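Naming follows writing order (A, B, C, D, E and F), and every chain is counted from residue 1.
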Amino acid sequence: MGGAEGVKLLDEEGRRLDGRALNELRKCRIEAGVLKNANGSAYIELGRNKILVAVYGPREVHPRHEALPDRMLLRCKYSMLPFSVPDRKNPAPSRREVELSKVIREALEPAIFLEEYPRTTVDVYIEVIEADGSTRVASITAASVALADAGIPMRDLVAGVSVGKIEGKLAIDINGIEDQYGEGDMPIAMMPRLGEITLIQADGRFTRDEVVQALQMAREAIAKLYEEQKRALKEKYSRILEEVEGGEVVR
Amino acid sequence: MSERVHTVVPAPRREAILSMLKRGERVDGRRADEYREVRVETGVVGNAEGSARVSIGHTKVIAGVKASPGSPFPDAPDKGIQIVYAELIPMASPIFEPGPPDENDVELARVVDRGLRSSSTVKLEELALVPGKHVWRIYIDIYPIDHDGNLIDASGLAAVAALLTSKIPKVSVSSNGSLVMEEERVPLPIGDAPVFVTIAKIGDTLVVDPCYEEELVMDARITFAIDREGNVCAIQKGGRGSFSADEVVKALDLALALAPELRSKLPPFPQ
Amino acid sequence: MGGAEGVKLLDEEGRRLDGRALNELRKCRIEAGVLKNANGSAYIELGRNKILVAVYGPREVHPRHEALPDRMLLRCKYSMLPFSVPDRKNPAPSRREVELSKVIREALEPAIFLEEYPRTTVDVYIEVIEADGSTRVASITAASVALADAGIPMRDLVAGVSVGKIEGKLAIDINGIEDQYGEGDMPIAMMPRLGEITLIQADGRFTRDEVVQALQMAREAIAKLYEEQKRALKEKYSRILEEVEGGEVVR
Amino acid sequence: MSERVHTVVPAPRREAILSMLKRGERVDGRRADEYREVRVETGVVGNAEGSARVSIGHTKVIAGVKASPGSPFPDAPDKGIQIVYAELIPMASPIFEPGPPDENDVELARVVDRGLRSSSTVKLEELALVPGKHVWRIYIDIYPIDHDGNLIDASGLAAVAALLTSKIPKVSVSSNGSLVMEEERVPLPIGDAPVFVTIAKIGDTLVVDPCYEEELVMDARITFAIDREGNVCAIQKGGRGSFSADEVVKALDLALALAPELRSKLPPFPQ
Amino acid sequence: MSERVHTVVPAPRREAILSMLKRGERVDGRRADEYREVRVETGVVGNAEGSARVSIGHTKVIAGVKASPGSPFPDAPDKGIQIVYAELIPMASPIFEPGPPDENDVELARVVDRGLRSSSTVKLEELALVPGKHVWRIYIDIYPIDHDGNLIDASGLAAVAALLTSKIPKVSVSSNGSLVMEEERVPLPIGDAPVFVTIAKIGDTLVVDPCYEEELVMDARITFAIDREGNVCAIQKGGRGSFSADEVVKALDLALALAPELRSKLPPFPQ
Amino acid sequence: MGGAEGVKLLDEEGRRLDGRALNELRKCRIEAGVLKNANGSAYIELGRNKILVAVYGPREVHPRHEALPDRMLLRCKYSMLPFSVPDRKNPAPSRREVELSKVIREALEPAIFLEEYPRTTVDVYIEVIEADGSTRVASITAASVALADAGIPMRDLVAGVSVGKIEGKLAIDINGIEDQYGEGDMPIAMMPRLGEITLIQADGRFTRDEVVQALQMAREAIAKLYEEQKRALKEKYSRILEEVEGGEVVR
């Protein structure tokens, strides 16, 4: 945050360090159903980000007194593996991870029919294997695929993207170096079909008009991520289908 | 990791609140865009470099600033260090439990921290003592003591008021390189200062400055930190619900409209 | 503790650094009922000490297995806010705070009819906002007012004062600098009406006769604090009365 | 924060103990002012600088002293550092639970610590190695291994006996300022040494050295640390009951009367 | 301290597995001395100095190596420091619970650590930067992500594969004694490298590489780390059962026979 | 571990630093029933090692959800007192202590009829008062005596010994300095009568033949330790017998 400090993030033609245009997402690939034990799982690569999500549940709540009489308890844990960042991260949860676990959970909750399984819990475990900016929104994108893979009833998926501010301009999907030397970061997650915003945060400085513009840019990028989410889920189902048709035993 | 406290409002009460809101009425008689009475008192703790007690309606928060020399972070050798800590102590509400900070304490501290950093409230680049070796560590500790809703705004206001009135010792460096604290005190170097405005969404209605009962029934909340020029220097959405893009912008406009009134409660900038 | 180290705590006329006589209390002001959420509360200023106490209960015990079949469970937490002392205190409970929470609880328990609410708990939360010596006894003085404000049945209030030893003489209600450079500290709490001692501790060195004398000095000082306690409670009740008579709604 | 262990004595047993006391009898046949048999063994741990195993009746405590060079505290650059730690390990009693120290462990350690400090048992001012840079850190670790009441007195006795017999390496400072530990060992510098005497109040009776069953029924206890000249160098009241001023003085007189007997169990002062 | 997870296999299922084994059949169709398919992928984490993802059947483990300069241990001033950490995260299995490492996490890390140390996988004596002042700290972090049995072997394989492919910055020392990290990277100095082979005892049968269901019914397990020359460089018995001396030797022979096959999955030694 | 580093551990005649032969145990003395509160206890001195073990149970399990429906829950905690080692040990459990608590528990379990007291727990508390190498196996030797002293039904005792490798030769019962400068350590515990191995670990390097030889050497040493275990238990029983016959009241 806070000032360019001599690092040039845009070239004369308005291209970013990695050659992207301002409204261009990094390459994104999602895979559903990558783990055997979890009830649902997903793996996302967004640029150099690599994130794995496992979903367990609906299942009994432990400790029991946390169970909710009228709805499912969603729990969420976002962690960065120690080797995911340039300087080794201590494995104990940092304050940043504690906060992100909360806002990610609150970004997923609006999409889930929580009332359908009262007194149960669904646990979402997010492990960042490699980090390069925008991990919280990439985590949300992957987590909603994992939830769908687990068969949790949802009214929509959730996908997220960050809008950064670099050299005074808004840029989609900022990476690590843009986050470090840019002037602002506004992660946004939406239910793509419903158009509802389930996460928005910001640091840096944005004018009112920039906020309005960022919301619009995010919406467009999220529409693209939504296509990749659907593709990943379809691929998983067709894989299962093939296995079934091919006579293999499915878990 | 999980939601520690889930206090439930009986369904009929929730219905009553919602139907009142449809008629434009709030539980405590306010308009949707009406803030509660705000009081800011500074200099309330003699041992702190700066301090403030803030009330918003029945909500009360104390913040204190302490400064001490320390080593800089390796990746910012010429900058002071800002540490914001908040603790939701059980004194303030029956819903707070004793124990180490959980996600609610941490979120509160980090939102205030982001607002302060983004607006350079404390000019950290002016807080090196011996660059690369000794810098000021500025601790901002926030303690709600009575919780009737909207702790973010109250905490932000208390933190900023405490910082604006903080005085730290003048420091000279002796010939052998050690630090000498002088008797004279100087104000903290201050850049800009944010005010925090929180808007709750209850059903289809946006209301500013939710009280505790409104927080219990709200779908979601969104907080904006607004600097002197009306820039947004932090946003934080919370709660299990969602906002449409229009609602976000409408909430921002409410925040921008209320910011000057809140700002007027702040002590003057130093110098 | 332990030796004057060149700091003169008494002038030629036997006056202390802040001008007090040896048996003179600092200015003390207590206010009852200062918080909305707590069932009872009190605020005390004793010299520069500023301490806030909240009482919750009687209420259900969590975790349940801590409930006592034959009496109320009194719990007590004494904390110093990080900015209450010259050098910032780490917010985690120190060993000193752990011990003080215990002795303060045991100083309050003799005054409470614990048998009246078996299986319930009363929680006493003490936050030291500013500290200048004798905080544990000032906390007790305020806590018993907060307990009374919460309507907890009590056989007496409890008030406390510390007796220090400075330049070989006993002195009432020592402040921070007298604690640091004096030769001893003996905090004493009593039920003022019953004359029973509910807390006594000491460090430093005292002869047998000094102990006897300290008990007597404490008793006199505590009688004065008791008057202030009663005044604070009366003021609270008359405030409520006015509000009721004035037609205002009372919590 | 709360009372972890609340072991209940059946009411009839409590009544029996009280009525025995009215007749001047204690559960184990002692007089009210009679201490149990005390044994002190020193030098029981080869790897410790000093150590002691103490028994008072069936109560057994081990204490060990370790010394290591370290940095001084900034506000006492020329003084050694004394750290007393006590742990009520589950080996010693079914009422002790595994886990980090709670209020009972902490109180025990701090009472012993205060008695040692107030009487300058360890002369900390003689334990600077390079003033402002290196000082001795003296760790006194106390472990009850069998708990039959009166752990404070037993722990205090064990700590003092271990300190009186401690020997630490002679240290010289090399030309480049680093510390050199020599083979030769010298006694710890000792000022005075307290003995701790605890009196329990059960009903209207004061009894010295309560055993575990008496602790379960007692109203309150009071401990005095007594130095060589009969000064009081620490007091600690515990328990849910209270004392009249007369009772405090009576208890003090019991402690003063018993102190010499306990002191006679201590090893001689060094040199 | 206690057994956190005790997942129970229904008695009939246990009986079925035992009687299958008596006929020489395992639950997944393998022979007693047959290892599952092993895959080793390296270079999977760009921010790590070295990394590997290993699968043994459905079991999957990720390991990453990070290196950073630090102070040496006082008793080994000229040696680098190796720190192995493993965490049984709840992602990997419903039987793992969130929270700080417990005895299972710690055992896993320590067994891998011993195998690496005993075979000098990382040549710590070549990792001093400025002897006595700065040395490399080598962190090896191990994360199972899907648990279908035999985590020790998979973790060991992942740790070794990550180390064999690790490259650390070249470091020079500037004239004022500070460290300068160069762009160039060099392989970690590697001595030998172990492979870990685990044998489970179920009833009277020894089986290699137990899957999760076999672990649930096994009586005990024994792991051997085997170096390039076929020496045993770590042993670890686990589980509530016992082995006869003959069974230990038989298990060792199974491990020695399988080691070359596992070793063939490793990346080549650097240089 | 790892290399002699110039310390000579064997003299020309093959004697070790403390004068022992390679297959010679240090002096070992065990005492049973040394504590009053514990249900069973034992004290072992093996060379300079001094270790105390207390056993509580079978008793109710706390927390209750840890209770096992079909067998007793054995819990075990191995700790080194801070002053037991040359440099003071932090009292918080180290990773080493956590692992050793686990392997010691698993070394004792095979000897206990766990099914006899389902839904109960037996707690084994091991405190190392002074440490000089091979503490884990000495702890096991003492713990099984303490379990027997507590009347826990067992199919055999368990005794343990470490086999070290010094200057290329296998040596029984290595002490601290041999552990530090030797080339390997293989702790082994057995049920002496049944000949079953309940603990085996190793670090350092051993050939296959050395492993075979170490198992044999351990077996012989363990037979001697078993005699001392039985002697200690007999002494305890005869002590009780004397007390009973002497008319003293037994606990």
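What to note about this one:
Quick note on the criterion: contacts are C-beta pairs under 8 Å (C-beta built on N, C-alpha and C of every residue); 3 or more make two chains touch, one makes a residue touch a chain.
Worth saying up front: this structure is predicted, and the values here are computed from it rather than measured.
Chains that touch both chain D and chain E: F.
Here the chain-to-chain distance from chain A to chain D, counted in touching steps, is 3. Matching D-F against the pairs in A-B, A-E or C-D identifies A-E as its interface repeat (over half of contact pairs the same by residue number). Set against the Cα centre of chain A, the chain with the most distant centre is D. Inter-chain centre distance (chain C to chain E, centres taken as mean C-alpha positions): 57 Å. Chain A and chain C have Cα centroids separated by 52 Å. Chain C has its Cα centroid 31 Å from the Cα centroid of chain B. Shared interface positions of chain B, defined as residues touching 2 or more other chains, are 1, 98. Shared interface positions of chain F, i.e. residues touching 2 or more other chains, are given as 77. If you draw each protein chain as a dot and join the dots that touch, you get one closed loop, with every dot joined to exactly two others. Begin at chain D, move on to chain F, and keep following the contacts round; the order you get is D, F, E, A, B, C.
Put simply, chain C touches chain D in their complex at residues 1-2, 66, 68, 70, 73, 75-77, 95-96, 98-99, 101-103, 106, 109-110, 114, 184, 186, 191, 194-208, 210-212, 215-216, 219. Residues 1-3, 6, 8, 102-104, 106-107, 109-110, 114, 117-120, 220, 222, 227, 230-245, 248-249, 252-253, 256 of chain E are the ones that touch chain F when the two sit in their complex.
Chain A makes touch with chain E in their complex at residues 35-38, 48, 50, 52, 54, 56, 59, 77, 79, 81-88, 91-92, 123, 125, 127, 129-131. Of all residues in chain E, those touching chain A in their complex are 44-48, 51, 58, 60, 62, 64-66, 68, 85, 87, 89-94, 98, 100, 139, 141, 143, 145-148.
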